[in-house]
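In the two complexes that follow, subunit A is the common piece, with subunit B as its partner first and subunit C second.
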Partner chain A sequence: MNECPERNPKLAWREIDGEIVIISPEDSQVHELNETASLIWKYSDGIRSCKEIAAELAAEFDVSLEVARDDVAQLVKALEEKRLLFVAAAVEG
Partner chain B sequence: MLVPIWKPDSERPFRISIGSIPFSLFIPQEVLLRQALTRYREFTADSDTGLPIFLRPGSGTEPESETFSYDLDGASLVLRRSAAEFRGVQHEYALDSLLRILLTVVLLPKRGFLLHAATVVRDGLAYVFAGRSGAGKSTVASLSPAGSVLTDEISLLRFTDGRWQAHGTPFWGEFRARGRNQHYPLAGVYSLVQAPEDRVQSISKKEILRALLPCVLFFTGEKRANEALLHTVLEMIEQVPFWRLHFRRDARFWEAVTS
Partner chain C sequence: MDRWIRRTVERHLPWNVHLDLTYRCNERCVHCYLDHQDYGEMTTLEIEGVLKQLAEAGTLFLTLSGGEIFLRQDLFELIAVARRLHFDLSVKTNALFIDAEKARRLKDLGVRGVQISIYSAEPEIHDAITKVRGSLERSLAAIRTLLRENLHVKIACPLMTQNLMAYRGVQALAESLGIPYILDLTITPKMNGDAAILSLRNPVQDLLPILQDPIFHPRSCDPGEAANPSLAISDTGSSSSSGLGSRAYDDIPCSAGHNSCYISPYGDVFPCVQMPVATGNLRRERFEKIWFHSAEMKRVRAVRESQLPVCSSCTIRTYCERCPGLAQMEGGDLLGAYERACQLAETKAALAGVENPISALHTWNGRGSLSNKVLSTAPLQPGCV
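Now for the complex of A and B:
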């Protein structure tokens, strides 16, 4: 949960009606994120940790921190596998 | 039409305009020039301010000053700030393909793009029917009144004169017509879906984008260009009615479209 996800800087994206649409210029793929994944995407600035993003998610969607952490872990992994996000370990100190 | 005698170093370009964007084609090969004069006859223009396009032999490029380049089956396009080069063009089809690719790049900052779509004009308004190969664009064109089809394959949509308009293009599919260099305000854009009934369906912005983006001709992997494309397409979606058209591949679909 200390990792800091960061959006792939090569991607073009826009928010439409509260949800994110991403174009991957390299392969012209279009990705659409649901509401939860969209929130994670917006907070994935390379500075916030997954733990901090989960806290934002819990507040936004009125779910427990435990549920939010599970969601963030799963979705960050899925987005990382699609190379939409990169995940770096948080810098200590 | 008289075909001018062409010399390899002639200073007389063949001037055309597509989507209100002028080009000056410098074609040293006489056969290719004759083919271009025929193919783009309806798009001949007087403007001497068009982007020069120089057709050159060979395929070498000097990458240091180019702003965009694209290779296509032995031919290539290099776009620089004040001119474009088409290299290794052996036939009119390669010329046509490179011209389409160049247009996609030049159109983008001018709030326009090319779309796999047939466009039909009724009562002074353009109805645009978008879809990939096999979706029914040529069928829509063939089921529309004679003389009403602006294109059956590649539509040029651009914000001009304060509104979104469909411009005629010389890029045709099965109809193989020469096209018309005219433009009309958009009545609506319809995403084609073959179905056992004719009906139009309202869809969300995301669904529109999902339907539209795969139909946009786009050839660059550059992030800023893709961002600009998203911006331009979304801008059009905000201003132009968009529908999913379920149709049976017969002329009755017009009743659903115009009702």
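Now for the complex of A and C:
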């Protein structure tokens, strides 16, 4: 959970009513994120770690930290596979 | 995507913006409506400010066009700013300036689409329209360069008297390149009101080979399909590239002023590039103020198809591609009917098997069916424009 996900800078995206729509210029694919995924997306700034994002998520949606961590791990993995997010290891210290 | 379009229409978010960076051009296309003189284009800094305002207002789809955008020395700087603001970026260009390096930079900056005008597969026709010798060869070379960078290229082919039947060659060319194309029947008066270039527009009866071509209307015998004509052909120009098949646009004429707008190189904001209704200038006011509070923008936004004084009662409305901007330009009334749209609708309805189709405008004017005359190859009555 120490990795820091970062949005692919080539992507186009906007938020409407708390939900994110993403368009990939490579294949013109449209990706629609639900409210939870949208929050994870917004926090994926390359600075916050997955652990920190999970803590934000737990506070925002009033779920346990364990559930939030699972959600973040699953979603980051899925978005990384679609090349929407890049994941770098957190810098220690 | 329909869900998002619906939201943007309901909330009046400027989802789709067409920004002309310049009216200067290195071609002199015979049908062009622009004045190529530079009367004081927005500076790099001013455009950067506009882009930031658009991002804040919710714009996702941004089309950079002109004029020829590569005449702006700051083009890549502006595209880089747009990329950082997360727009979905498309550009329109004649591509004469595009080489391998520029193609690579477009790709690296995440430009999704490049639209290039090709008027014919035959150089003598294309070059006679652009008035630049060798322009077809150079544009095609640029398309191949862009394709090598895996950019999405689309051919746009405006059709006029000089090149009407060239569409088949353009179609074959696009297919050989493996890229999409759009045919556009729209010719509009010049921005200064000069209507002389409308003489380049094909009379409706000359369009019959296209309107009858099964390539574009594979289901044209079904009236229920008539409201959703093939996107490969358009008589309403840019407005039909905005996902207008969406039910979100039910009872509104088009996306103009609802979730899309046009910005000129001088900062003037219009509901659409084809709608000469000035709503404000970004050198004097912020975008959001113009977009949400301009009286003219509100007036355009208030128009409902069901309340149009003539067209709402038209029995062949489903065959019509009425454009409110062209209604303003050609008939002088944003809410009105105009001859060209009525003629086209009657012709399409007749081709689809409707008996004796007469538009509401012609019913009001007491004229007979144009379409029957078309199908019996008699000449059409001249249009009013």
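The rule is short, and it goes like this: the second predicted complex is superposed on the first by the 93 of 93 C-alpha atoms of A that agree within 3 Å, B and C clash if a C-alpha of one lies under 4 Å from a C-alpha of the other, contacts with A are read in each partner's own complex, and residues count from 1 in each chain.
Here, contacts are C-beta pairs under 8 Å (C-beta built on N, C-alpha and C of every residue); 3 or more make two chains touch, one makes a residue touch a chain.
It should be emphasised that the depicted structure is a prediction, and the values quoted were computed from it without experimental measurement.
S.K.: If you stack the two complexes on chain A, which partner ends up touching A:Val21: first (subunit B), second (subunit C), both, or neither?
M.R.: Both subunit B and subunit C are touched by A:Val21.
S.K.: What is the contact status of A:Lys10 with respect to subunit B (first) and subunit C (second): first, second, both, or neither?
M.R.: After superposition on chain A, A:Lys10 lies in contact with both partners, subunit B and subunit C.
S.K.: Using the superposition on A, tell me which residues of subunit A are in contact with subunit B and, in the other complex, with subunit C.
M.R.: Common interface on subunit A, subunit B vs subunit C: 9-14, 16-17, 21, 23, 25-26, 28, 30, 32.
S.K.: Quick check: in the complex, which residue numbers of subunit C touch subunit A?
M.R.: 1, 3-4, 7-8, 11, 13, 58-60, 83-84, 86-89, 110-112, 150, 152
S.K.: For subunit A, which residues count as touching subunit C in their complex?
M.R.: The touching residues are 9-14, 16-17, 21, 23, 25-26, 28, 30, 32.
S.K.: Note which residues of subunit B are touching subunit A in the complex, please.
M.R.: 204-206, 209-210, 213-214, 218, 220-227, 229-231, 234
S.K.: Per the contact definition, I'd like the list of subunit A residues that touch subunit B in the complex.
M.R.: Listed in rising order, the residues are 9-14, 16-17, 19, 21, 23, 25-26, 28, 30, 32.
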